[in-house]
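Chain lettering (A, B, C, D and E) follows the sequence in which the chains are written, and residue indices restart at 1 in each chain.
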Amino acid sequence: MRVGVFICHCGNNIAGTVDVQKVAEEMRKIPGVAYSTTYVYTCSEPGQNEIIEAIKKYKLDRVVVAACSPRMHELTFRKAVEKASLNRYFLEMANIREHISWVGDDKELNTQKAIDVVRMAVAKVMNNKPLFSSSFKLTKRVLVIGGGVAGMQAALDCADGGLDVVLVEKSPSIGGMMARLDKTFPTIDCSICILGPKMVDVAQNERIKLYAYSEIEDVKGYIGNYEVTIRKKATYVDWNKCTGCGLCMEKCPSKNAYDYFNFGIAPTRAINIPFPQAIPKKAKIDPNYCRYFLKGKCGVCAKICPTKAIDYDMKDELVKEDVGAIIVATGYSLMGVENFPEYGGGKYKDVITGIQYERILNASGPTGGHIKRPSDGKEPETVVFISCCGSRDKSVGIPYCSNFCCMYIAKQAILTKDHLPKSQSYVFYMDIRAPGKGYDEFTRRAQEEYGVRYIRGRVSKIYPRGEKLIVRGADTLLGIQVEVEADLVVLANAVISNPDAAKLAEKLRISYDTFGFYVESHPKLRPVETNTSGVFLAGACQGPKDIPASVSQGSAAASKVLALFSKDVLESDPQVSYVNPNVCVGCMKCVKTCPFGAIKEEELRDGRKVAKVIETVCAGCGICTSTCPCGAIQLQHFTDNQILAEVYAFASGK
Amino acid sequence: MGPKKNPYLPEIVTVVRIIEETPTIKSLQVVFDDPERMKNFKFEPGQVGQLSVFGVGEATFVINSPPTRKEYLQFSVMKVGEVTSAIHELHEGDKLGLRAPLGNWFPYESMKGRNILFIGGGIGLAPLRTLILFMLDNRKDYGRITILYGARTPIDLCYKEDLKDWGSRDDVDLVLTVDNEYPGWDKKVGLVPNVLLEMAPKPDNTVAITCGPPIMIKYTLIALSKLGFKDEDIITTLERRMKCGIGLCGRCNIGSKYVCKDGPVFSLAQLKSLPQEEY
Amino acid sequence: MVELKEKISEVFRDTNLVICWREGFDPIHATPHFVREESQIEDSIFNLFCVHNLCVYLPFLKEKAGILVKGCDSRTLIQFLQEGLIRREDVVIIGISCRGIIDVGKLMREVLYEAVTGVSIDGDSIKVKTVSREREFQLTSLLADKCKICRYPNPLIYDHLIGEPVESKVSWDMAYEDIREFEKKPLEDRLSFWTKEIGKCIRCYACRNACPLCICRDRCIAETRDPHFTSQSVELKEKFMFHFIHAVHLAGRCVECGECERACPVGIPVKMMKKKINLEMKELFDYETGINVDDKPPMYTFKAEEEKIKEHEL
Amino acid sequence: MERIGFLKKEKIEEYLQSLSKKGELYVPVDVGRAVKFEKYLTGSSICLDRPPTLPPKSVIYPQSERLFKFKFKKDEGNVDLIEIEEVEDTKKRIIFGARPCDSAGFSVIDNVFIQTDTPDVYYERRRMNSFIAAKACDKPSAGCFCIAVGGGPFDDSGSDALITELEEGYLIEAKTEKGSLFLDWELIEPGDDHLEKKLKKKEESERLLSEYLGELKKIEPLDPKTESFNDENFWKRHLSKCISCGLCTYLCPTCYCFNITDEKKIFEGERIRSWDSCMFFHFTLEASGHNPRPDKFKRFRNRVGHKFMFYPEKYSQLIACCGCGRCIRFCPVSVDIREVVFELQKPRRV
Amino acid sequence: MPQESKKELRIIGFLCNWCSYGGADTAGVSRFKQPTDLRIVRVPCSGRVDPLFVVRAFLSGADGVLVSGCHPRDCHYSDGNYYARRRLEMLKRLLPFFGIDDRRFHYTWVSASEGERWQRVVTEFTKVIHGLGPLKIEEGEEIG
């Protein structure tokens, strides 16, 4: 074995507080180390060339670079050793900058620490094995989960790029949250007017296969080769026959069904089309309210339907789709009004949430766009908006900002004034967050042009007085208690993850944070990737974000998929686990603990049952290796012996 | 009597040349660091040595260069375990430990004047090579020399230089075979025991010497018996896990015989007198 | 005894193999008995010397088998089933309600290992005849330690049951009193206790091979160089390493049958370490080994919110 | 040259203290649930009333020992050099209180390790420098069968001195020249008067053992042609219960199989020889994964074969078993090697 | 921070690549000064840390062992730290049974952004180990 050790000065970053010459000398004494040197900037081109030359000149078969963090330059040096025809896994890095020179002042101790750490890396590299990736084919189809604006954008971009897309939407229509909005900030253009055409594009695109009112049942496989099972939920209406004429909805005698689309601001019929622009524009029965399902008789819709599309016996249907990549764009949910009892949420009808108010403002909403308060249908004169309801409130477990409330409050206040010129809006806020393009100007317009009164402070209590609601709070700027007599109170309720977000994440084997938002691979550099290769994120499922951000992410995820599919075969990461069938005792504990389902049972020719790793699914965490009692399954590049070699090298430094 | 020699102490040797025989087999040529020792070192064809990679351990290999050529000692090593992997990591100039010679050897004296049939598979040609070269260096002492050698693919054939030489000699019959058809391969195709049956060599005045993977040996022994070879005329060399190399540590025995000390060379007649074990 | 043989016969007709006991080389030793022929049934016994946990053979058996289990042994079967190491349909279980067995090691030490030529049991007393004399003991004084704190005298899983159910008055706390007592000692005393005990170890691996849950057996990492967790040297730290391997691999799996301790020729209290872990498993995960087939061994599962694991402050 | 002496019981401690000055003294000590040979320290209480759990084998043949150390050095050309440093142990060791079977065990190992053209210098050195006094057995212990394999409770082969415990003291008989080490003390009184008592004791002890063994009185070496030996079913029938641990071999005074492994730190290392057991799968496992003795049946067959067939074949019909009975007494599943050997010989007996 | 004494103790840390190793990097980038005793071994995930590595480190001469992974729910491999938490907790409770002070072994969670937290963990853990002094386990039988 001929190990080469290269100690980087990193200018003065390392050499300033570590005696790099001494480290190099100590390494030279180690048996098996054939060459040891220092260089000013090892990562520079001449620095890399130095390594390449040394490998050739001294016939090195292993390389240790002691420099900065491997998280920074491991790939750089792997490529360098590869240029010298060494397998890239014959490289190890010792981190003597971030972990030593930058955090310790004592040069002598730093040097000793560096000697130990580099020696440990030398010990490890001596146990390294060459690893080779294998290639596999991929299915060039993509699954997009969620038909909101992010998902639609992703689907359209993928389709434009020539990919077949499977789009799965949980609710009866695509459109998501944006379809419910009245206007969008800061341009005040009509939300459905800009979204509607996109929805139609999706419907009409031949490359997009839409499953509305469907959910993901199961995901099997791995990047390039997923098999997805989709549950098409029963609508009790044969959508092949339904023309969306709406006759059934008109005649339906169950008039008190909960209107999910309108967030329950007013009831709808048990058979309904959620909104006029719905795609697909098809009816569906809500069996929780339908008389036929509740009482066993009615059948009005079935009788009236001109195409005989009603089918009360319809069952959920499972379909399978093969795809090579998955874009998750499942969006977000909102805290319900009942979560704010201190504001009388759920108790006073005229305390509503921002999204409910959005529906009241909307021309296609239950009030036809006329602002009427829910309790008595009167036009409000005083409207109070309260920001940060739930958001940034550790006491309810939501420390984060919901991102867009400040903006929509300003928008809704402006619209209120437009609708009811005599009205006056108040906004209780903590601080105004308007960092987007044209955003700050927009909130100023609300105050300056529309006379919206912004009060910096929290509301402590809301209670009724006659027909009015008294909003009592503090004005922290003036340092006084204020009371506003309001006709309508709008709560900017917190954005939360979907209730089933965790379940879906587990099916997809992606990570999610404490709040149920999906975790990207890297917050800055890999914002739409997940740690499961082949699964990408777009929109608010990753965290609260507004429309432009969601749309950009939709496009970004699509471009990632297109880039991925530009190859005909994929290469697997060889840093995966491997089972030595001669050693495996077949206890299958690894199978049970693998978070990725990457290990299966296999029967050998002699009838013995052993574990086997599906290389392409294995993500390389090594849980199996620390689970396996007999050491039969080893995570390549982090084998027991590689780690133990470091432990023993650590110990021999005494 | 002076102090007894410590049989466990290796002598230091230096690797002078490494030959990559196949992707998994390397041959090492080593010389003793003590030039006197190199000069006086004596061994017989078929004897083995224990190579030490210090810190990793020892493993047994046959000295496959013949006693008639003593510029160096050659060992061929297939990469299978810890020690052999470490040996594969060696470079020219590296130091090793060696305990040799150990074990018995081919009874070449009693083979004089007889025809010799060598049957080898894969790295199993190694112990045969030492005897083949030895016999070629004493060619007149022996009758016809036939060598049947097989491997999985042409890439897996060892000692390609030797094979070229033997193939071109008039006084050696060389038959090469590989397990399956292979692009560009114009010699025999088939498993060694089958090719042997096809060749149907005459057992008269012939000694058959075979070495290869256990399964090949098993069927070759059957084939030879079928061809009428007497048990005394069938000679094989065995492999076992060995540690001490001097018949003490107790793991390489077959019945009362220790492969490291009483072997590794056995005639089929001897093997048949031992308890049945998997070879 | 008639009942025993009848049951074995019945099961044997179905399985062609019943693992039970017969008399061993002297009257105080029984030995596992693999009944593969009808004629062998006659030799089968069950008495106070049937100490072995016969389940140890099951995971390696390639055939269907009948097996005799005492209450404590039956937990092994449940643990096997939890871990998927055997299939329920491959075993026919003859359970035996048990009043306790003799600590044969203790008995041998009592008679200074003198060869025993005869034994007779009368009520609560046991007469042991050795080559030179006869001695009488109270049965309770020779009872195995595990039997004194037995909470499961009746098999928890069986197809056939022999004997009247036995009541146990032992509580969880009583069963783990020894561990809590030991933990009252200062750290240094604990270390020196184990230094002395583990110092005796000869790494014969009898504890490991007698353990029904040590399913690696031949592949144990205490003997390998890949992975190289421990060397073959007899240094104390290497012996410690072996016992840690043993304990850690049995975490949340040991059913406390005590076979490890019984098998140990030099009397190391090997079971204590596992009992300590079991105590923690109960406290941390409310998990007890070998009780419910549907339980999951705690080291192979998790909860996102662990109620009992608090983050450690420095 | 036989010399006899007598040591009063109350003088034993003083005696052992004196002995311990002549070399490293090992005596059987109760270490809690087991009796083990340990270095004698003032105050150690010697335990002679029961057979030691472990034979004193490890005193002369340690469970693990360093064969040599090696150091890595570099020359000017940065080439790794290796320096070997042999370990030479010339310490004098005294074993007091072995059993006759334990001493006989050393004789078995002597044949293999010393009577060969490549003697094991480590064992030989220790063996030559050690002095063994065996204590004769008064009564048979569970599983004892020394007389069946040519030994006896008062046998002195392999011992330098034989001790007989009498009521008032110990009769010490030197059996070799080295044995005088145990007698050359002022504490020792003339012993001839006690000889008769000893013979009586011997007779009694042999009678007890013989009665205990009943028909299992004599074990002959196995004929290499023993039919059942190659019959797989025979081994299945008798050894299904074996759990394949190494207890029998590690407790055996005659088992000597070993392993050699290297342990390395960064700049140095050592080659260690440690006990191994033929009952272990790893014992014969080859690097390729092939194992000529892959199951416990083949391994046990080899163990029985080694002791009762192969060894006798090589060493003039001597059996490599001293009949101490430990493998029977302590086997977790009570495998009885005598029973197996008898069964193997049955067809011939009938 | 000035070194009080140059006498270091042997502390080894197993850090998961994605969070804690990154956290230690962040601490470095931010120049958060730390005591120098700790030597870091990078592993992909805290779930890769076999409790036996910790044991081996102690038996080979470590005076303190630190394991750090991603915060619960933040595991790069989604479940690794959950398994680690159970196994390491088991070990932490087992060590004192053998007489090894459980304060010598600490496991915790540090994310890639928590440079300051990492500094605190290292500083305090090192202090704890210095408070306990070197771990002494008898050599026992010297090999022959």
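In the analysis below, contacts are C-beta pairs under 8 Å (C-beta built on N, C-alpha and C of every residue); 3 or more make two chains touch, one makes a residue touch a chain.
Every value quoted in this text rests on a predicted model; they were computed, and no experiment measured them.
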Exercise for review: Can you give the shortest number of steps from chain A to chain C, where adjacent chains in the path must touch?
Suggested key: 1
Revision key, fill the gap. With centres defined as the mean of Cα atoms, the chain at greatest distance from chain A is chain D
Point to revise | Per Cα centroids, the chain farthest from chain E | key: B
Exercise for review: Identify the chain pair with more contacting C-beta pairs: C-E or C-D.
Suggested key: C-D
Check your understanding: So which chain ends up closest to the centre of the protein, judged by Cα positions averaged per chain?
Key -> E
Check your understanding: If you average the CA atoms of chain C and of chain D, how many Å lie between those two points?
Key -> 30
Exercise for review: Provide the C-alpha centroid distance between chain A and chain E, rounded to the nearest whole angstrom.
Suggested key: 31
Check your understanding: Hey, how far is the Cα centre of chain B from the one of chain D, in Å?
Key -> 38
Revision key, fill the gap. Between the Cα centroids of chain A and chain B the separation in whole angstrom comes to 63
Point to revise | Numbers and ranges of chain E residues touching at least 2 other chains | key: 51, 56, 60, 73, 79, 83, 87, 143
Check your understanding: Can you list the chain A residues in contact with two or more other chains?
Key -> 593, 627, 640, 644, 648
Exercise for review: Going through chain B residue by residue, note those that touch at least 2 other chains and give them in order.
Suggested key: 82
Exercise for review: Could you pull out which chain C residues touch chain E in their complex?
Suggested key: 182-183, 187-195, 199, 229-230, 233-241, 244-245, 247-248, 251-252, 273, 276-277, 280-281, 284-285, 298-299, 302-304, 306, 309, 311-312, 314
Practice item. Over in the complex, which chain A residues touch chain C? Could you list them? Key: 583, 585, 587-589, 592-593, 607, 627, 629-632, 634, 639-641, 644
Exercise for review: Quick one: which bits of chain A touch chain B in the complex? Just the residue numbers, please.
Suggested key: 1-2, 59, 61
Study note, to complete from the structure: Within the complex, chain C is touched by chain D residues 31-34, 36, 49-51, 53-54, 62-64, 139-144, 208, 211-212, 237, 240-241, 243-247, 249-251, 259, 261, 263, 272, 274, 277, 280-282, 326, 328-330, 332-336, 338-339
Check your understanding: Across the complex, what residues on chain C touch chain D?
Key -> 24-26, 28-34, 36, 52, 56-57, 105, 108-109, 112-117, 130-132, 196-197, 200, 202-206, 208-210, 217-219, 223-225, 231-235, 259, 262-263, 265-267
